[in-house]
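Please find the structures below.
Two complexes come next, and they have one chain in common, chain A, joined by chain B in the first and chain C in the second.
On to the complex of A and B.
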C-alpha cells in the first residue's frame, strides 16, 4: 500500500472531531470576538463596526460589574473553603475505622446530582418564611426571628458559597484521597523512627506530597467556580439586586434575553481572558511550588 | 498511616454527627414528600404523622415525568456514545501515526479546554437557530459533540500505553487500518472508555444551561429542565416539589450506587494523568 494512502486512512479518523469541534467551539469563539466589535443586535444584518466601545460599556453596566465581582468572589472563596474542608476530610477518610466506606459514600453523594436540584433542596432549608427549615430551628430552639438567608446581600453571597462547598467537598476529598493512597508507607516509617509525631508527619510528609493534587483540585475548582451558573441562579436568581449575579447569567441576560449581541460578546471575550489568565497563573505558580516542595 | 492495621473506633463516633449534617438535606426532602402542605409548613423537620403517598401519584399525573426521563436518556445515550466514539477515533492517528500535522491538530484540540462554553454562547445561539437545531433533541446532541475533546484527551493518554508492535503485527497479518482500530485498539480501550462514559454521562444528564437555552417546549424538556419548570408551578406546594425532586434523584442515586467504584477510579485516573 502506498505510504500516502496509509496516511490518508489514518487521517480520516480525525474528521468527525475536527468537524464538530470547529463548528461548535472554534467558529463561535471567533464569531464572539467579531460580534464584540460590532453593534449587532441579533436581527439587523447591516451592523456596524464599533471598535472597543462594547468593552468600555462593560464597566459602566452595573449588572456586569457586579457579575464579575461576585463571580470572582464565589470562585475564590468556594475554592478556599472546599480545599480547607476536602484535605482534612481526605486525611480522615484515609484512616481505618469501622464505618469508613459508608462515610466516603455519604460525603461523596452530593457531588453526583445536578447543581440545580441541590440548590433547590437548599432553597427549602433557607426559605425566608416560616416553612424555611433553618428559620424554624432558630424560632423553636433559640426563639429568634426569621433571618433573610437569601435576600440579604451578604448572607445570600455566603449561602451560595456554603452550598457550593457542601456539594463539592466530597468530590475533591476523593481526589486528595487518591493521591494520599499513592504516598509510600516508607516515608512514615522513616519519620517515626526519627521520632516524628502524627502531626509532624502530616505537616512534613503528607501535605507537601499532596502538592500535585492541590494543583489539579484548585485548577478544577477555580475554572468551575468562574463558570458557575446553577447554584446561585437556583438559590437567589442572581438577587437581591445583582448581588449574586454571575458572569454566565450576565451573558444570557444581556445576550439572549435582551439580544445585545455586541455587548454580551464583549463580556464573553473578557470572561475568556479572565479564565485564561487566572488558570495560567494558578497552574504555573503551583507547579513551581510543587518543584520546591518535592 | 502506620497504625492503620488497628481500627480507630473514635473516628466512627467523631464522624457520625458530621455525616448526619451532610446528609440532612436529603433526609429533609424525602420526609416531606409524604406530608401534607400544612404539616410541612409547621413541622418541616418532624417525622410525618401520617404517611401519605398521594404526592407520588400526583406528580406522575401532573408532570410529563416519563417523557422527560426519555428525553434525558435519549440525549445522554446518543451524546455520550458519539463523543466516546469520536474521541477514541481521533486519538488513534495521533498516537499511532504521529507526525507534525497531527501534533498541530492535537494542540488545536487541546485548546478547547481553555474555551468556556459561555464564551461561545451568543454565536452558538445564532448558529443553532440558523441550522434549525433549536428545540430538537438531536440539536442538543450535536451541540454537546464539542465535548469529544475531553474524551480525546483521556483516550490519547491511555492509548500511549498500548505497545506499538501490536498494530504493526496486525498490518503484517494483512489487517487494514480501519480493522485494527475496531478489532484491536477499541477493545483494549475498555477501562478508559468506562471512565469517559461516566464523566460525560454525569455532565450531560445534569446539564441545565444548554437545555434551558435550546429546548423551549415542555415535551422536549430533560429531567433537570422539568424540575426547573416545576419550581414555578409548584412554588407554594413544597411537598409536591420535593416529591418531584426525589423521583428525579432516583436514577442518579442508582447510577451512584452501581458506579461508585468506577466513578472514584475515574477521578483518580483523570486527575493523575491530567
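On to the complex of A and C.
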C-alpha cells in the first residue's frame, strides 16, 4: 500500500474529532469575532456593522480595566500560593505513613465540590454577622470586633485568593504526587550514599525532576485563574465597587445584563488573546527550564 | 486492510447521517415555528386534542402547582412542560439563550429588565385586545407595553418597605415608628445606643431606602421626572443628588450603614431579622414565610420609608412580572386559554394560594397578612410606591449595576453623592450611544 494511503487512514479517524472541535470551538470563536464588529444586543438579529468601535470602548471601560488588574492579581497570586502549598503537601503525602490514603483523600476533598458551592460555604464563615464563624472566633478568643473580610477592598481581594488556594491546593498536590512517584528511588539511594541530606535531596533531585509537573500545574493554574468566575462572584459579587470584578464577570455583565453583546464579544476576543499570549510565554519558558534541568 | 477502509467509511457515513438528521430536525422546527407564526394554530383549548404547553417561570414548581393543577382539571387535554429559573439575572439569561436558539417555551415571563428587548425582537404576541386583559389594572400595563400595545398579562403587584421588630423598638424605648427622615435617623441612633443593631441593608442591590427617599423628595413634586431624565430634559445629577446626600449624611456618616454590610447576602439579612438580631431591614411580602418559619413569636410590621417631607412617605413596589406568549408558539390558542384561566377568579385564587403574591386584578380582593396590611392598603392600592427599574424606560440593568457599584464605592469612602448621580448620567449617555 502506498505510504500516503496508509497515513490517510489515521487522518480519517481524526475527522469526527475535527468536526466537533470546529463546531463547538472554532465556529463560536469566529462567530464571537463577527459579533464583536457589530452592535448586536443579544436579542434583535437586525444588527449593524460598527467596525472596531467595540474594541475602542474596551479600554475606556472602568469595569474592564479594574477587571483586568484584579484578574491578573488573582491568577498570579493564586498560582504562586497554590504551588507553594501543593509541592510541600505532595512531599508529605508521598511519605509512607499509616494514614496516608486518608490524608490524601482529605486534602483532595475541596477539589470535588464546585467553586460556587465552596464560596457560598466560605461566605457563611466570613460573614460579618452573628453567624459568621471567623468573626465569632475573633470576638470570643481575642475580643476583636467584626472584620470586613468581604467588604474592605484589600481584604476582599485577599480572601478570594486564599479561598481559591484552599480549594485548589489538594488537586495540584495530587498532580505533583503522581510525578513524584515516577522519580526513580535509585537517585535518592545514590545521593544518600554520597552523603546528601533530606533537604539536599529535595533541592537537587526532587525539585528539578518535578519540572514537567510544574509546567503543567502552573499552566492549568494560570489559565484557570485568568478564566475565574465562580469564587469571587459567589463571595463578593465583584464588590465592593469594581474591586473584585473578574474579566469574565465583566463580559457577562456587559453581554447579558446590559444587552451589549457586541461589546462583550469584543471583550472576550481580547481576553482570549491575553490568555493565549500569557500561556504561550509561560509554557515556552518553563519547557526551556525543563530542558536545562533534565 | 480493505476491511479497515470499510469501517472508516462506515463511521464517516454514520456521522454524516447523524449530522444531517440534526440539521433536518432544526429545519423542521423552524418551519413549524414559521407556519404557526402565520396563525396556523394547533387547536383550541377545548378541542380535546392532546397538547403539551411549555412554560418558563420564575415562580417555582411548588408556587405554580395549584394554578397548573386547577387548569388541567378543567382542560385535561392540555399538559405542561414546566421549567423554572430563579429571578432576575438567571431567568433573563436563560430566556435569552432559549429565544436565540429557537427553543423558547410557549409561555414565558416579561420583566421590566427585558421588556424592551423582547418586544423589539418580536418575540411576544400582542395581547392588547384579548378579552382577559380587561381584568389587568391600567396602572400595571405601561411596564409591559410599548407604543400603546401590551405584550404580557400580569395579575400581581408588590409592595415593600421597612420591616421593624416591635420588641426591639420597645426595648429601646421607641413607641411609634418614625414619620420623617430625621426621626428615622434619631431612632436608629437610639437603637444603637441601646446595644441593638438598628438596620441591615442589602447593599448588593439598589436599596429600597433610595426608592422611598427619591419618591418623597423628588417624585412627589414631579411625577414625570423619570420621563424627563430619559428625554434629556433633566439629569440624574439634578434629580437624584439630594437623595444621595440624605442617604449618606443620615446612614453612612452616622455609621448606621457600614461597609461590612456589602458582604451580607439577602438571605443572611432576612435570617438576622427573623431571629431578632437586627431592628430593621427592607423587604417585601416574600419574606413573611421565612419569618414565620424561623421565629413564629416575632412581632413585626411593615412601615413606609420615611422621607424629609412629612406625610409624603412612599413604599417600594411595582407591578408584577407578566406572562407573555411566544410569537413562534405552535399552541397559540391553548396558551391564550391558559392566560384566560389565570385571569379568571378561580385562576387568580389558585395563583394566590400557591405564590402568596398580592393579586391586583380588577374585581379581586387579595387576602393579606396583617403585618403587611397597611403597606398593601396605603401603599399598593393608593399607588404610593416607586421602583426606578420599572419607571426607567430603557437600560434598566446597566443603570442598576452602575447605581449599586457607585453606592458601594460611597460606603467604603470612595466618591461623593454628586459622583453617584453623575455616574448615572454618564452611563445613560454611554448606553444611548452604544
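We take it that the second predicted complex is superposed on the first by the 265 of 294 C-alpha atoms of A that agree within 3 Å, B and C clash if a C-alpha of one lies under 4 Å from a C-alpha of the other, contacts with A are read in each partner's own complex, and residues count from 1 in each chain.
Following the convention adopted for this analysis, a residue touches a chain if its C-beta (ideal position, glycine included) is under 8 Å from a C-beta of that chain, and two chains touch if they have at least 3 such contacts.
Keep in mind that this is a model prediction, so the values were computed, not measured.
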item	value
Partner chain in contact with A:9 - chain B first, chain C second, else both or neither	both
Which of chain B and chain C A:237 touches, first, second, both or neither	second
Partner chain(s) touched by A:192 [first = chain B, second = chain C, both, neither]	first
Chain B versus chain C as contact partner of A:18, first or second or both or neither	first
Chain B versus chain C as contact partner of A:128, first or second or both or neither	second
Which superposed partner A:152 touches (first chain B, second chain C, both, neither)	second
First (chain B), second (chain C), both or neither touched by A:42	both
Of chain C and chain B, partner touching more chain A residues	B
Chain B versus chain C as contact partner of A:256, first or second or both or neither	both
Chain A positions touched by chain B in one structure and by chain C in the second	9, 13, 16, 42, 130-131, 256
Partner chain A, residues of chain B touching it in the complex	1-2, 4-12, 15-16, 19, 22-23, 25-26, 28-29, 32, 40-45, 82, 85-87, 89-90, 92-94, 96-97, 99, 101-102, 105, 108-109, 112, 114-127, 142-143, 145-146, 148-149, 152, 176-178, 181, 202, 205-209, 213, 224, 227-228, 231, 238, 241-242, 245, 248-249, 252-253, 255-256, 260, 263-264, 267-268, 271-272, 274
Residue ranges of chain C in contact with chain A within the complex	1, 4-5, 8, 11-12, 15, 19, 89, 92-93, 96, 99-100, 117-118, 120-121, 123, 200, 204, 259-265, 268, 271-272, 277, 395, 397-398, 401, 405-406, 408-409, 411-412, 414, 431, 434
Chain B-touching residues of chain A, taken from the complex the two chains share	6-7, 9-11, 13-14, 16-18, 20-21, 23-29, 31-32, 35, 42, 92, 94-99, 102-103, 105-110, 112-118, 120-122, 124-125, 130-133, 136-137, 166, 170-171, 174-175, 178-179, 182, 185, 188-189, 192, 198, 201, 213, 216-217, 223, 226-227, 229-230, 234, 247-248, 251-252, 255-256, 261, 264-265, 268-269, 271-272, 275-276, 279
Chain A - residues contacting chain C, complex	1, 9, 12-13, 15-16, 19, 39, 41-45, 123, 126-131, 146-153, 156, 236-237, 239-242, 253, 256-260, 263
